[in-house]
Amino acid sequence: MKILVTIKRVIDYTVRVQLKRDLSGVVTDGVKMGINPFDEIALEEALRIRERGDASEVVAVSLGGTEVQQQLRTALAMGADRAILVEAGELQPLEVAHALKALVAREEPGLVLMGKQAIDDDMAQTGPMLAALLDWPQATFASKFEFAGGKATAVREVDGGLETLGVDLPAIVTTDLRLNQPRFVKMPDIMKARNKPLETVPLASLKPPELPRLEVKGYEAPPQRAGGGKRVADAAELVRELRARGAL
Amino acid sequence: MRTRKRLRGRRISLGALCRWLGAQAEALGVEVFPGFAGAGPLLEDRQVIGVRVGDMGRERDGEPGPNFAPGVDIHAGITILAEGCRGSLSKQLIAEFALDEGREPQTYGLGFKELWQLPPGRVKPGQVEHTVGWPLPSSVYGGSFVYHLDDDRVYIGFVAGLDYAHPDFKPFEAFQQFKHHPTMRALLDGGEILSSGARAIVEGGLQSLPRLEMPGAILVGDAAGTLNVPKIKGVHMALRSGMLAADHYAAHGKSTGFDAAWHASASARELRRVRNIRPGFRWGLWPGIANAALETVTFGKLPWTLSHHEDWRAMLRRDQTGEVPEDFHDRTLAPRDRLASVYFAQTAHDESQPVHLKVHDTSICVERCTAEYGNPCTRFCPAGVYEMVDDAEGRRLQINAANCVHCKACDIKDPYAIITWTVPEGGSGPNYSLL
Amino acid sequence: MSRVLVVAEHADGRVNVSTARTLACAKALELETDVVVFADDGSAVAAEVAKLMGVKRVLRVDAPHNAHAIAAVLAPQLAAMAPEYSHLLAPATTFGRDLMPRVAALLGVPQVTDLMEVVDARTFKRPVFAGNVIMTVRVPDGIPVVATVRGASWPAVEAGDTEAPVEPFTVDADIPAHTRYEGLKGGTGAKLDLQSATRVVAGGRGVGSKENFALIEKFAERLGAAVGASRAAVDAGYVANDCQVGQTGKIIAPDLYVAIGISGAIQHLTGIKDARTIVAINKDGDAPIFEVADIGLVGDLFKVLPELEAALDAEK
């Protein structure tokens, strides 16, 4: 079985994101970039499945400019067998899902593993969208994943607790934080990764349909907390104040 | 005292320059491994044969965790140590090969730098201002710089000599106080801090420079100590020494002769001219300035060379010092405190890794240092890494290693010299993309 | 037809508060609002929803396959209902975030995640970069708005004066059999999850010891709150690091956050900036936590906590 893993290049999670002065976006110039942490978890899971013999190949896929090769090379260094870069400009989740659908038709994976969301736009859409387009099952926010035969079981981290979902394969699984802890990239593997195949596919060759897009009207800083709130004298007044605000 | 001048050309971020240089090197086929820390030198038969890369994935207690990845050994015909000031490998090798034998002790300053976005109209791109003195007491060497950049941004920097004597002196707070000088406050008020950082700066100059070669390895840049102190300029000297090392290796294929080659170079002449300026400031600010003026007009040709002392030995015990320096106050400009400054340094460390600041005997902190020096680590560390905690478990040293901005001040200034700064997991540390 | 359809989130026959928050967003759109309840027997939930303010109709889609909220099962049904509506809204909980992108893709339209503010009927604000930046997006004309609504931004609507009619509703859609619900664990009895808890009580270095931290846990239990901690408390070994709130811990947005003995370093505040009400209890009146707190009490926690519990008991 082949596993497709999607990789997004994002501003590194340790970076304090700054708005551009003209509010046209966030500063990316000279900013540390990396693989979306949830995608790293997805890749780690795929590698573990392959390492225990339940998959034969792990293919890392990303969409974007040539700079995304860096992240795909890292994915190859972590252990992906090959990588595909769909050369594209800035895409929205629905467009990404359509491009991935075309790649799925070509690659015919038995499983697509994706991060539950990207830490830049925080949309969490591409996974379920791809599942819808393929009419495949989806298990989002997975913190545990097992499979045998043509069926898989995922434990999902939902607000009410841990939900167990059975899905037929092929399926889309999006990964949550607790699924695993991704391995460190080893230096010799970085050198080996240079010789692994990294294919570049122009977006147009996937014949994407014309799709409606959200118009981005602008960016702004979040409202500051007013703070410096009321000082209360004692516990009783605190409880009264909380009740008055409906906070209890 | 204040000077002002205008520079032509562009002021760029050193971080941006390094990234650009990295890309150029990779295009030439050089392997660049960001995110991997050189943890220790490899030696064989009194010869440096390479570097051991740090382990990844050790737990807090030092035991290998589930994702443990041992560091690899990189062997090399020659190892060029370009770690910057107080490099942890360079430090070991300087000791191992006694490269500082017959030299003056090395001395350091603690530098701070912040990037501010200011309201339109205040910034004069190209303008550079330097000050010495205020708010430092006369006994502490140091000063400031302000670089006016494009887009209404400025760099504000401040350096305080780490050979200061009073254990209660607080370098970080001195910098913050400097920002509240009426002229600085007028510049910064209403602006927004974007980034901050701190780093030790090597100040010993020519007389403290260790031998720059050892079997199998070469020291360059601030790892060696080539910075021109009166100008607070190290980059051009570092670039030159790196180029010289490359030429030397290409021509000879070994480290032997590099020390002589460097000392015959223009860099050595530059450092020779200014060698007596920094040490003159141990007499205080005004005598220091007078000496600096004398040394400048004579191009450093006076027939003497002033000496240094080790910074950690320069600190006086509380019973040897006079009055506690006045605490700084009335701070309204960001950052609010050291932790807020750390936030703007965007420092990050996986908190499950072993503490990378090794304090060899923490009983000294409680049993001696509290009484003798009042735990100055809690004051000289600009990142709030060191804290003395009094709680149910008694008084003890708490090391908040995740705050560390890798400035190395603790490794230099601790009055018992019991702190060793080691490299944390690769990729950890401050994220100075704009500084 | 400018009309809103809200998808009710419910469990164990009770409507989830996230539904009432989503209705608040629907209200801001100033459009007629229906609520759809997918269930095997949605009678109790529908009756509860019918009382909520601003609901025009409650549509009950009762079917055995709707016994559990499976996105692959609900999405085609919701997509089939879409032509009657200009806006489809669901809470931005794991329920809505699982379902709505799937619905949007079936409809061939983009989706808006975490809607936090309505600018106009097609223009919305939403957080990106973990809330550090706000983005304004507009859904182009001629297509339905499919969105999930961020709970922390919308106070739940109350019960109204009137009761909306509940109508049984049948949907014609192909129901896939490839996804099966196999159980739910947690909720009752288990330790409350910090990330999803509506109330959090957190302790800092000021708590002083591992033993004292039990006081924080006890008070949290009293309030029905999850337990959090500052990094200082975690580093001092008072509490496990999975409780850590802040830049390098968890980013949370509870309705009520009680910070006890926490000084409020900027790294900690980053993790709680979206909390609705922040209460600070600290003996240092100059602690930075008071600069962001909505209610502050300067005092010794060992004295204040027992008094607080007594005050809570007294007012019960």
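Each chain carries a letter (A, B and C) given by its place in the written order, and its residues are counted from 1.
Just so we're on the same page, a residue touches a chain if its C-beta (ideal position, glycine included) is under 8 Å from a C-beta of that chain, and two chains touch if they have at least 3 such contacts.
Please read all numbers here as calculations on a predicted model, not as lab measurements.
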Centre-to-centre on C-alpha atoms, which chain is most distant from chain C?
-> B
Which chain wins if you rank chains by how close their C-alpha centre is to the centre of all protein C-alpha atoms?
-> A
For this structure, which two chains have more C-beta pairs in contact than any other pair?
-> A-C
Provide the C-alpha centroid distance between chain A and chain C, rounded to the nearest whole angstrom.
-> 22
Can you check how far apart chain B and chain C are, centre to centre, with Cα atoms defining each centre and the answer in Å?
-> 47
Where the centres are mean C-alpha positions, what is the separation of chain A from chain B, in Å?
-> 38
Shared-interface residues of chain A (touching two or more other chains) are 16
What are the residue numbers in chain B that touch two or more other chains?
-> 343, 348
As the complex stands, chain B meets chain C at residues 335-337, 339-340, 342-343, 348, 351-352, 389, 391-393, 398, 400, 402
The residues of chain A that touch chain C in their complex are 11, 16-17, 19, 26, 92-94, 97, 119-133, 135-141, 153, 156-168, 171, 211-223, 225-236, 238-243, 245, 247-248
So in the complex, which bits of chain B are touching chain A?
-> 13, 15-16, 19, 31, 33, 35-36, 53, 56-57, 66-67, 69, 72, 74, 117, 151, 194, 343-344, 346, 348, 431, 433-434
Chain B-touching residues of chain A, taken from the complex the two chains share = 12, 14-16, 18, 21, 30-32, 181-188, 190-191
In the complex with chain A, residue positions of chain C that touch it = 11, 70-72, 75, 93-95, 97-106, 108-114, 119, 123, 127-140, 143, 176, 178-187, 190, 196, 223, 255-256, 273, 276-279, 290-299, 304, 307-308, 310-312, 314-315
